[in-house]
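Each structure below is given as structure tokens.
Two complexes come next, and they have one chain in common, chain A, joined by chain B in the first and chain C in the second.
The block that comes next holds the complex of A and B.
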């Protein structure tokens, strides 16, 4: 990282030397254009720009166009008659509202829980406890596993009759609970499994930030008479803001697309009642019902939601000159 | 740093950049892929696991034996209960790159492919004389747009109620005496009180509820009421009664984990003696046979009480896309698929039966032989609601939505009835 920064700095200085070189006036505009950094660096940024532009932004644009048609079934979409009827239909569709509600609940609860659990783990590990490194690996490992694998684990663990979760509750005379079958429990059960998998990730982000805080500040807080809790609350955690922000963005974006986990848990596009999210609804409309335009409209809504989440982050980064 | 120095380094960098750009362009070139020859037959299907893979192997090797001149590209796409297959098919049909043929349900299911299917009436149906060889229902199911767009390969029975013989003996229940759903409910109660086994093994996946709903409606309301319902002219009280009966069955006699397991998992309970009855398509019989369980001794089946003279009709077929990449080879394959050799090769392993009425039962096991005899003798063959025959894809999907949201524990008869009446 440091090397990269140093390299970028030399590139900057070079440019300064060149533009201050004084020969620019004598050259023609075309020559200046040919020699400009912009054009000379084009082979580097050009191909990725074309590929990204075409496959990401072009696809988003096309998807929007598609969502304005009434394309369903097979054949070519008709782009001559565009309108917002799919968005209007979405507003009137109760299952869209249910999916939206579940998406938002998943997003908020999952993100907050991951941030909280990750923070607690990070602070514990930051206290230099014994076997700290081992614990760090233990907590981080679930994040390295594929959703297909963890979803299958949780399917077994949540089993009503012989799942380990119900066995555990059984020790206290509780249950059995139908974790993945009961519409009132299923979303919570899914969120819990996802928090288990992702809190290791937030922990690592926090831990990196904690490690970068100078020891002097801990000592100063101690000298001023702060207890451990107070020290973290007043001195340390406020300094974690950038870490919290970047972790939040990643978590929220994931939560919006928690499709693969649900797909693996429920073995298809149709999750149990109470756990349908916009992403699964979109897949069902598109690939089960061939309602391509409607599916596109749901997809675009999902995209706008993601954008709404990421926009404030991008904006603050931009204002601070980080972009 | 001198200007010259930086210039030469820049040249090197430019070279690298240009090379990478050229590399990317050539990669993009590769993406277009190679053209397959006219004679390459590409068949997509979802038979990847257990009995399905074996059946597909038997079918395709029989074909290759008979038509070694055709270059066969057999592409199984498994997973998600045909979801991955359907997705691949729809993507390819949509992008104008159809396969030669793909496996799918005929009947109303074909409607979703409106505009992209081809006609094989003269090249396949008439040339191979399939119209007279196959049963009337299968012939009708493959008709589309004043012609034919599919060829049936086999049929599963949808109204069998399988049971573990030992469990029923322990409970003192005589399956042959069950002549209506009320008798079945009594028997389930007896099993519950007399044994530790689950009386009725069930998965509450939407399609599984739908197929059991179908058979309960056939049993309690009769064939005509069912046919009116699927034709969009259903009687609300018949639908409500069906849901009430189904609620009684599902809320009292099924396994606790029904909402979170698939049918293969619950079928294990039948094999291990932890459950007594299961209503499923007769593909579950394949699992019993693979486990070397003895038909009649360890497992057996009765017709779902009240549907004794019916054959719950399910059909698998190969569908023919228009704009076909290999019209000749595809026609050759489809004529073969509709013939006796293919139907025997495929169905004996698949656990289904031929839709031809002239096939010898020699190669089939006892269970399938009886099924074939029933198929010929059945007075009615109601088309399945959960497998594309009775209603089109989007209607079927709406019905499944209704069940998933209202009738997958907890069971809401009012909402489910209203939802069903709305959907069709």
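The block that comes next holds the complex of A and C.
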């Protein structure tokens, strides 16, 4: 493929040289510039880049500027006196550290659980079975729903007196537990619901990767007498590494910004004690307390954390020629 | 294409295996059915709860349907009344934003993939990174931009009512933030497109935009379907922009997710049957799109 591109490139330059007639005066340089692929393609990628760039990168820059002010309450921020005081305040704020701890727990447990459950689902479905497509559709269904919708379902599932979860534990003589009210249980309960919603996503990613593994490898492993479990562990799972990496990136980045579900489950900006994460803390400081500058400092911190995940990922993808 | 050959090849192997491992097969189906129950029970319980009277709510199991005298559509009617305004608003900003970011994403992907120039990967990286940025790091400037600088309701006051101006803000915002993922989806397809065909057209003297209109666009139709379906559900389900740009549940521009988030709030606690009915009504458009086009949705997720 690369060779083909290189070949076509030489074809194209030849053609250009011919039309230019070999003259190198100013006008034809300008003409060549006008004919260049860069300029001809600019009307296509330019407008989307400007719109997206302003809203994404322009807003991030503006957000950084805001985080250096002391803007709060109503009115416009004062950009004349800039400083890092909000970042200092963050370091000294114990609730930031609690939110950070919860964010890390959510991020790690949620990501690992989704990767594991998704792998089980994918392995179960990675064979010829009746209604295979129906099962896949069912497992992916929660992912197509809004967090505001699924939060309503889970509030009911976790209901102390009438919820299905407590009924289930009741079968074993346990409970009832106050899943969404007990600080020790609430984060786990939220993670469980989010894994329910996201494991179908990891399943789809794995399935695509499994389908691209040649059948010969399955058969070779069979012939060697490997059992199903061993076969997957030794032969198949190692080949899923690229899928695992890209799914991990998506899951981690989601965990960093998860807000909708927590807002809807707790009916507002304040999650129950024990489940406040940086993403909810940021939204609360801004849109509930009007501490805009402080809130944008937390927002920028979340951006930097995301960048720490995105940058290495994109770099390796670029090195492998996947971009 | 390769998918089918691979799975067809595997069928033969599996059929041979299935004779041998009948018990394993039974276990497999048991696991699959058990998982189906796990994934559906929150939705199922939500549905049976939504049609229960308050008496049936107390007297029946949360997953059991109500008896004939314990069933009512009252909550659905009430929820629909409360949400209908939001359903219309959501549709009004979701559909144009979906179309716009699909078109812009396709254009960007074409300019960055099928026209070859130096540095395009660098520009593409800017698009990709845009997929992942947390909205928390842009949402405050965004609300300030719309409310204090752009002020569409003020500037376009002669043409648009204030609630239409809010919907326009949402269309532009959702389009801008949807462009990155759409660009990536289209690029994944364009990378596999035949260079020979495009080069041949160029040698025949076709311009960059003519190639787009005559060759690339017709071949993109399947990907447009994927992007439409994926992006429609994403924008419809979105909440953070609704919450911050619309501001209040009582705003005439409130989206359906925003109204649902505060539906039937009362001092006595949450009216669960009402909430469940509201959740299902809000989910209905995305559920229909998802169930009709599950494969296309999965394709959008996968890339």
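Going forward, the second predicted complex is superposed on the first by the 293 of 323 C-alpha atoms of A that agree within 3 Å, B and C clash if a C-alpha of one lies under 4 Å from a C-alpha of the other, contacts with A are read in each partner's own complex, and residues count from 1 in each chain.
What we mean here is this: a contact is a pair of C-beta atoms (placed from the backbone, for glycine too) under 8 Å apart; a residue touches a chain by one contact, two chains touch by 3 or more.
Owing to the predicted nature of the structure, the values given are computational and were not obtained by experimental measurement.
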Which term applies to chain B and chain C once both are placed on chain A by superposition, clash or fit?
clash
Touching partner for A:179 - first (chain B), second (chain C), both, neither:
first
Which holds for A:40: it touches chain B only (first), chain C only (second), both, or neither?
both
Is A:91 in contact with chain B, with chain C, with both, or with neither (first, second, both, neither)?
neither
Taking the superposition on A as described, I'd like to know which of chain B and chain C A:171 touches: first, second, both or neither.
neither
Identify the partner contact of A:63: answer first if only chain B is touched, second if only chain C is, both if each is, neither if none is.
second
Greater residue coverage of chain A in the superposed arrangement, chain B or chain C
C
Just chain B (first), just chain C (second), both, or neither: which does A:149 touch?
second
With both complexes overlaid on chain A, does A:223 touch chain B (first), chain C (second), both or neither?
neither
Among 242-250, 260-268 or 332-340 on chain B, the segment whose C-alpha atoms clash with chain C after superposition
260-268
On chain A, what residues does chain B touch that chain C touches as well?
40-44, 46-47, 51, 155, 159, 263, 267, 287, 292
In the complex, chain B residues that touch chain A:
1, 3, 6, 10, 13-14, 16-18, 20-21, 24-25, 80-81, 83, 86-87, 90, 93-94, 112-116, 204-206, 255-262, 393-394, 397, 400-401, 404-406, 408-410
Report the residues of chain C in contact with chain A in the complex, numbered from low to high.
2-3, 6-7, 9-11, 13-15, 17, 24, 28-29, 31-32, 35-36, 38-43, 45-46, 49, 57, 61-63, 104-105, 107-108, 110-112, 115-118, 120-121, 123-130, 132-142, 144-145, 148, 173, 175-177, 179-180, 183, 195-196, 199, 202-203, 207-209, 212, 233, 236-240, 243-244, 257, 260-262, 265, 270, 272, 275-276, 278-280, 282-283, 286-287, 289-291, 294-295, 297-298, 301-302
Touching chain C in the complex: which residues of chain A?
4-5, 8-9, 11-12, 15, 36-38, 40-49, 51-60, 62-63, 66, 76-77, 121, 124-125, 127-129, 133, 135-150, 152-157, 159, 162-164, 167, 196, 200-201, 204-205, 208, 211-212, 214-215, 218-219, 222, 228, 249-250, 253, 256-257, 259-260, 263-264, 267, 279, 282-283, 286-287, 292, 295-296, 298-300, 302-303, 306-307, 309-310, 314, 318, 323
Quick check: in the complex, which residue numbers of chain A touch chain B?
14, 17-18, 21, 40-44, 46-47, 51, 73-75, 95, 155, 158-161, 176, 178-183, 263, 267-270, 272-273, 284, 287-292
